[in-house]
Every structure is written in C-alpha cells, then in structure tokens.
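For clarity, chains are labelled A, B, C and D in written order, and residue numbers in each chain start from 1.
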Amino acid sequence: MINISLLMIMVATALGLVWLRNLLAVVMFSGIFSLTAASLWVVLGAVDVAFTEASVGAGIATVLGLASLALTRTEHEKRTRVFHLPALIVVLVTGAALIYGTLDMPGWGDPDAPIHTHVAPRYIEDSLAETGVPNIVTSVLASYRGFDTLGETTVIFTAGVGVLVLLGRGRRYPVANPRVAAGGGPGRAPAAPGSEGAAVPGDSGEMRFKAILRVGGKLLIPPILLFAFYTQAHGELGPGGGFQAGVIFASAFILYALLFGVPMARAVAPASVLRGTLALGVLIYAGVGIAGVLLGGNYLDYSVLAHDPVHGQELGIILIELGVGITVASAMMTVFFVFAGQDPQQVD
Amino acid sequence: MVAVLLDGLSWLCLVAGVLAALIGGIGLLRLPDVFSRMHAAGLIDTLAAGLIIVGLVLQSPSWTVAVKLILIIVFILFTSPTATHALARAALHGRVLPWLGDRSSPSEGAPSSKA
Amino acid sequence: MISVHQPILQIVLPLMAAPICVILRNAFAGWLLALLVTGGAFVASLILLVHVVNEGPVSYAIGGWPPPWGIEYRVDGLSAFVLVTVAAIGFLSMIFARRSVEAEVAADRGYLFYTMYLLCFTGLMGIPVTGDAFNLFVFLEISSLSSYVLISLGTDRRALTAAFRYLIMGTLGATFYVLGIGLLYMVTGTLNIADLAARVPEMTHIRTVQMALAFLTVGLGLKLALFPLHLWLPNAYAFAPTVVTVFLAATATKVAVYALIRIAYTMFGGPTMFAVMPIDEVLVGFGLLSMIVGALAAVWQTNVKRLLAFSSISQIGYMVLGLGLADVTGLAGAVVHIFNHAMIKAILFMAVGCIIFRIGSADLRDIRGFAKPMPITAACVVVGGLSLVGAPLTLGFITKWLLLQGALDRNWWWVAVVIVAASLLALVYVWRLIAAAYLHPPSERVAAVREAPAPMLLALVALTVATVVIAIDGSLIGDFAVVTAKQLLGSGE
Amino acid sequence: MDFPGLFNYWIVIALMMIGFYIVISQGNLVKKIFGLNIFQVSVFVFYISMGKVEGGTAPILAPGFATYTNPIPSVLILTAIVVGVATMAVGLALVVRIRDAFGSIEDDEIAKLEGDVT
C-alpha cells in the first residue's frame, strides 16, 4: 500500500514537472522526486541505494541545478510545450512496448523469480564466509563486482575532470552574486521606493544575517564530517560506504562555502590539492587491483593481500572504499567549487 | 501495563504529529505570502517532525535506535530554524514584501505562484 | 607466451594513466604518457589477437570470482579484432595529436585533454573484452562521458551544442540499454554474457526477452547513429577538435556496432531469435535508409568534416545491413567493415586534420588545389576515398563484395541494387574531394603552405600504407571475418 | 493476475515515460537535463522493484533473518546513480557554457543562432 502511495506521489511530481515553467521549481521538484524514490527504496529493502539517492539525487543534483540556474541567469522557461504530438507518439509507443514486455514478467516480490534463484543465492549464502562482510551490497559491490565499481569511480573522476575542462577556466563575464541573480531575476516585484532601507539589509544587517547562519552552520559541520567518517567506516556493517561518505564529506565543505564564501572554502581545500586527491582515489582503487596481480592473484583479487583470504578481502574492501570515498569527495567538491565561483588558480 | 501506556503515549504523539503536519500543509496552500507560509512550513519542520519522532522513539525496539532517533531530533532542531531564517532573509533580500493588505487586494510583493 | 593478466592490464593501465596525467599537469608529459600507453595497448592487443586466433577464446575472472558471480573478461576472435582496431587508431591518433592539439586546444587545457582522451580510450577498449552485460554499460558511459567533454573542446561555439545534443541522445541510449538489460536480467537472473547466451535462446518466446532485444537495439542504435537516430553525429564530428574526430569517428560507433553484434548474435542467438522477432529485417531496412540518406546528405556538404561525418552515417548503414543479413557472408561483411571503416575514416579525417593545420579551413572552396603543395596528403585522400567507394583492390571492395554476396544469398537483389546505388553516391562525394584537390589551381593562400609536420604525416602515411598492404592480400582479413561470422552464427545453434 | 502483480511495474513505466517525454518534448536545456534525471531514476525504481522479495529484509546479514532482498539490483543501481549524477554534472556545465556562448538556453533560439539546422 505504502508502495502505491509513494509511487503516486512520484507520478504527481513528474507530471507537475511537465507543466512547470519556473525552473527553480523544476529543480526542487526533481529533488522531491528523488527523495520520494529514496523513501520507496527503503521500503523495498534497498537501503544503500536509498542512502545514495537521497544524498545525490536530492542533495548534490539540486545544488548543481540551482548553481547552474544562477550562472545561466534564467529563472523561467520561455514557453512550455506541454503537448508535442511527435514526442507523445514516441513515448506512447515506447511505453506500450514496455508494458507488452512486462506481461511475461514474474510478479512484484515473487520469491521464485529467476533473479532470486540463479546468481543471487550464492551471495546471500556464502558472502559472509568468503569476504567477512555482513552487508551483502558492500561485498558484491566491492569484491564480486568490484570492477564495475572501479568503472563507477572512473566515471566520477571523468565528470570531475570534465567540469574542470568545461568551466574551470573562469568565466568570460563577471557573474553576479548567485543569490541576487536567482532572487532578483524577472518575475519578482521591484521594491517600493520608500521601503528600500527596510527591505534590503545594510551592511550591519547583512552581518547579523550571516551571524545566525554561520553559528548554526558551524555547529553542523563537525557532526557532518563525523557522520561522513562513520558512513565510510561502517559501510561493511550497515548501509553506507565510500560513495555516500564522499558525498557527505563534500557536503560539509559545500555548506562551509555557502556560509563563508567560496574563497574561504578554497583556502581549506585548494584546487591543486583537490585535483591531486581526485586522481589519488582512482589510483588507490586501481593500485589495489595491481597489488593483487603482483601478489599472485587475479586483478582485484583481495584474498592474496593478507595471509588469510577472508582477512585479505576485508583489507581490500576497506582500501578500495577509501579510494572511492576520496575520489567522490574530491569530485563533488571540485564540481561545486567550479560551479559556485571562478577558480582563481585556473585564471592566472 | 507499562507497555500499554508507552504504546498509547506513542500513538498519541504520532497522531498529534500527523495532525500538525496536516495543518501545516493546509497552511502552506492557503496562507497568502511567503512569510506566513514559512510559518506553516515551520510547524511541519519542528512540531510535526518532532512529535512523530518522539512517537517513534517510544516504539523503538532497542536503545541504539532510540539514540539515533533522538540525534535526528537534535539535528532537526538545529537545522530547521536556521533554514527558515535563511529563507526569510533571502526572500527579503529578493525584495519580496510581506503581505499586509486585505485578501481582496494583495500587495505588490505577494508572490503570484504557489511554487 | 602471454601473461594471463594481459586482457585486464591493457584496460587498467590506460585507466591508471588518466589520473597520473592529471597529477603531472603538463601537456607534453600527458601526451608522452598517452602515446606510451596506447602504443603498449596496441602491441598487447596484437599479441592477444594472434593468441586468440591460434588457441581459442581467453577468459579472465576479475577478482578471482568465477563467472557468473564475478565479472568475466572474455576475449574471442571478434573482440580481439575490435580491440586491435581501437588500439591501433588510438595509438596512431596520439602520434598525430601533438601539433594538432597544440593548435586547437588552449595550452593550459592540454593535460586535461589527454586525460579525457585516455579515459575515452579506456572506455572503448573495455567494451570489446568484457563478458558482462552491465560492465559493458559502465565502460560505454566512461567513453561517452569523456567524448562529450572532448567534443565540447572544439573551437567553434557550435561544438558546445553538438556535445550537449550528443549528451542527451547518448544518455537516452544508455538508459534504454540499461532498461533492456534489466528486462533480460529479470527473466534470466544473470548478467554474464556467456551465461545469458546459454539461457536466452531457449526463451525467445517470452515477451520480456523480445522487448529486451528491442530496447537494447534502440539504445545501441542511438549510440551508433543509425538513421533516424543519427542527428547528433554530423555536428559532433564536424566541430570537435580534429584529433577527437579522428579517434571517435574511427572507433566510437564501431564499438557500438560490435556491442550490437555481440548482443544480437552471442546473447540472443541470432537467427533463433530473428525467427520469432524479425529484428534482422528491421535492421536491414534502417541500414539501407542510413546508407542512402547519409550519402545523399554528404553529397551536398561543403565542409569536408561534415561531408565525412555524413559519410560515416552512410557507412554505419553498411555495417548494420551486414548485421541484419544474418548469414555468414553478410555478417563477415559487417565485421570486415568495422575494421575497414575505422581505417578509412581515420585516414580521411587525419588528412583533413593536416589540411586544417596548414590551410586553416575545411571548406571545399578554401582548400582547392591542395594537392600541389601537399601531394602526400592528397595521395592519402585518394587512397582513402577510393576505399570508401569500394573500388577494386581496396579494403572497401572486400566489404562490398561480401555484403553483395550476402544479399544475393538471401535472394534480396534489391538490397544489392541499393548497395551499388549508395556506392555510386559515395563516388560522387569522394569525387568532389578529389576534384578539389587536383582539378583546381591552388589559390595564393593554398599554394603557400607546406606539408603538415612530420609526426602528423607519419601517422597518416602509416595508416594508408597499412590499408594498402592489408588490401593487397584481402583474403587474410576476409577469411578471418568469415571464420568469425561462422563462430557467431554457430553459437546460436 | 493478483492485484499488486504487475500493476506497480506499470506505474513505474508511466514514470519513465513522463521523464522520457520531458526530455524529447521540452525546449529548455535545463528542463531536458532534469527530465533525463526523472527518466533515469524511474529506471532505477524499476530495477529495485525487481529485487524485492516478499517478506525480505535489507540485505545486511544478521541473525534472526532468513529472507533478504536481492542485493544485485542495489549494486547495479548504485553504479547507475553515480553515472547519472556524473552525466548531469557534465550536462549542466555544458548548459552554462552554452548560455555564455549563445546567450540562451532555449533549444529553438540556439538552433536559430547556429544558422544551419540539420
């Protein structure tokens, strides 16, 4: 029942997106959609995925969306094509094909479906004995299908470098303060002449405004960082792992940058350092694989890393999760810093 | 006896929380401008969420779960007011004026869309 | 003889070279690294090809987990062949790249360019060897994501929109692919291609399997720019930096064709599946349309890069046609054409790169008479162009011959007619290129230029000589393709 | 066909198609990117739904539980989510650059500025 209600919320959100013209609302709706999907996944027992989607789809994606709206200085779509006949036909045909394809599928939650009887049972039955990790998602992700995860880390690395290539140079025209650009765009009523002083905070007001946020934010940053480390270390026992930890770690820096400005955050995490750690994570991951080869195993075979295979697996999983965490955190921070402001080290 | 009492108390909190969320939701839709809507949203953020979590704490099977839930309350109590504050200042900064007039003629500053 | 780890190392070493390139922060060092790594991968892939041809397929269990629980790398004749093609082009593009990149990409972006190039190379190398359907998606996305960025580095602002459209279309294609794999996974419970191959052909009557094939085909159709899903391609190739165009035009779509062959034949059992769901005839239809539409559009282009890009769409049509013919000769034609077209397009785009480097334009009117100051480049254009048309004694002829035979074997004489017609259209646009080179007196600007720098010319000439040498004894590659095609068709029975 | 049966899948398919529709019908580049997000997330929902086992708990081995949700879809989708956000980051960066170069993020206006529409 709760599945259906969550799915219905998602349908409503998605349909709303078709009609919305306000792009800020589009970004927020997309975040809501992701968060609802994450809730649905918790209900369906996929907690790791839910965790990731909540931090990425509802968190990072929304921040990136808002940042790019500020940079493109647009708030409204010019016009919405709600009905677009060719697109509608394509979509209906595709949807009909998919529904036709579902007709022979096993029902929702059927325990005898092939995917529950063919490959998966081994993971559920033997993974603890083979890898020593109770979280099956972590053991499959990091060990059995560890090469996919290396690919995934590479994709994030690619995105980080790609954004550096595209925007790292600084911009060709000065960007207005994103908040002003987003808030002061068309569609907002101009302030009445007499109310200027009241509505727009002066310098002292600005400071007070920031003081509350800064105190609140400062209080939050250490727990966020702590939580990131907890997620990183606890990924073998519960939901979490390098990817989620990296995103959370980066979000602490993003918060810091929002409160104290990008240059201050940049001072903590300079561009060159980030670029190094971005590369380092991938190298750690791929290097663990090479170490396996040098010690006489196959690539990404962690069993040979220690005297005892299970011990080796645990060691390998901790190391590669660390690699994933480092690359993801650096990539997210790089992407945010590049979006949020010019990269001074790139301009010179 | 204690178990029944705890259960009853927990349900009381949950129902009260849901009601608060409902009222907040109605307020979000019906109130005239950003600031008053924010007030309704604050109700959901703090009271509704808080009550629901307290209800869940009373239901929790082990103390680790309870501690985690209490941590969430603490977290919400820190973040929600800060976020509401930031939102209000951003609205002022964006020159959105509070709605002061009567319902028939909304002031210029009242936003036209619900989004 | 070969290291057991070779299949994986030739993917992982380029992958590791990319982050090292970021740490080095130097364009020259990045280039050198890319050159060494791609060169090493090329040599390794050649050794692997010889090994596979002599001793049969190689399987490598990553992480030491036996398939289908772990991810398997599985190299057979076809994958080793595609691997050699990608590695060869990747290596020669790097020889070609240095001066061209210096001219087209800002100096402070240079090292990032090579990082992206290495990532793209890794992605494209990873697709042919993987034996896991989902791993294929991951590597497809590594290569796609890096190609979007590489394309956007072009000097024209239209490179940005071209990259964006490619991103949208490519991501839609990838999502369709994931959806298809999901449907298939649902009814089989496995992602390993060999394991799927053992199960799927017996399930052809299941509607979920049929739709899975449909979605996989559409998804890859977007990636390989089959008409009518080709709209992203012309601008992407026309406005990307030249080296990127050389590399992507020669390899990216070809690897997607490989993936489609792998899925339709190995995974779904080819003819067994086609008997239930006539996707082969659909592919023949769209292949023919691609051939004609691409060639017709190419005839009207004035920009050489765009002309060649449309020609690519037409040539992809040949491959898809061969794939859809679903008999030994047709499929062999498709396999040979993967290699042929990679070589030919690399030659032609490299030649255009030389021209742009010296003359600074790729417009047919601006480069008239370039044969006089640049005779070697012009000669290479002639060889490549003739091969594109399919003139006898060239590589292209082998393809056309196999395809014609394949069409006639199935008694589809009208397909043969279309093949000939498309070749005639190819003759028209190639003729425009050759005429521009030889039949016009060079303008002052053109007459003043010299041949391109030695490394660029070296890569171009090496490729041209290689195609000529391979074409002289065409039976070598032809026989190989026929054997491969028999294996592919045999696996379905 | 008993009630939840395939009905849930059909809602998910509807979600996918809404996302797909936004991508191909809308002219605004930012909206296209977010439509793509909807499409991808819906496909992820589809995958996770496959992994559901009636009565199963989250796939973290613990004493007292015998039925677990299938872990493989989770693993695959973790990878796919990352690929999705990577694509989104690159896509949005491209949108910003396009805005710089063309002064617009509307598909038709850009096509006009490009001069030659293919």
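Definition applied: a residue touches a chain if its C-beta (ideal position, glycine included) is under 8 Å from a C-beta of that chain, and two chains touch if they have at least 3 such contacts.
Here the structure is a predicted model, which is why all the values come from computation and not from measurement.
More C-beta pairs in contact connect the chains of A-D than those of the other pair, out of C-D and A-D. Our note on geometry: chain A versus chain B, Cα centroid distance of 26 Å, whole angstroms. The distance from the centre of chain A to the centre of chain D, with each centre set as the mean of the Cα atoms, comes to 13 Å. The distance from the centre of chain A to the centre of chain C, with each centre set as the mean of the Cα atoms, comes to 32 Å. Contact of a single residue of chain D with at least two other chains is seen at positions 16, 20, 50, 72, 76, 79, 83, 86-87, 90, 94-95, 97. The residues of chain A that reach two or more other chains are 98, 102-103, 105, 113, 115-116, 119-120, 123, 145, 148, 151-152, 155, 158-159, 162, 166, listed in rising order. Here the chains touching each other pair up as A-B, A-C, A-D, C-D. The part of chain A that touches chain B in the complex is made up of residues 20, 22, 24-25, 28, 179-180, 182-184, 188-192, 195, 199-201, 209, 212-213, 216-217, 219-220, 223. Interface residues of chain C, counted against chain A in their complex, comprise 5, 8-9, 12, 15-16, 18-20, 22-23, 25, 60-65, 68-71, 106, 108-109, 112-113, 115-116, 119, 122, 126, 132, 134-135, 138-139, 141-142, 145-146, 148-149, 152-153, 179, 183, 185-191, 206-208, 210-212, 214-215. Against chain C, in their complex, chain D makes its touches with residues 16, 20, 23, 29, 32, 36, 39-40, 43, 46-47, 50, 72, 76, 79-80, 83, 86-87, 90-91, 94-95, 97-98, 101-102, 110, 114, 118. Against chain A, the residues of chain B that register as touching in their complex are 75, 78-79, 81-82, 85-86, 89-97, 108-109, 113, 115. The residues of chain A lying in touch with chain D in their complex are 3-4, 7-8, 10-11, 14-15, 17-18, 23, 26-27, 30, 33-34, 37, 40-41, 44-49, 52-53, 56-57, 60-61, 64-65, 67-69, 71-74, 77-81, 84, 87-88, 90-92, 94-95, 98-99, 102-103, 105, 107-111, 113, 115-116, 119-120, 123-124, 127-128, 134-137, 140-141, 145, 148-149, 151-152, 155-156, 158-159, 162-163, 166-167, 171-173, 237-239, 243, 328, 335, 338-339.
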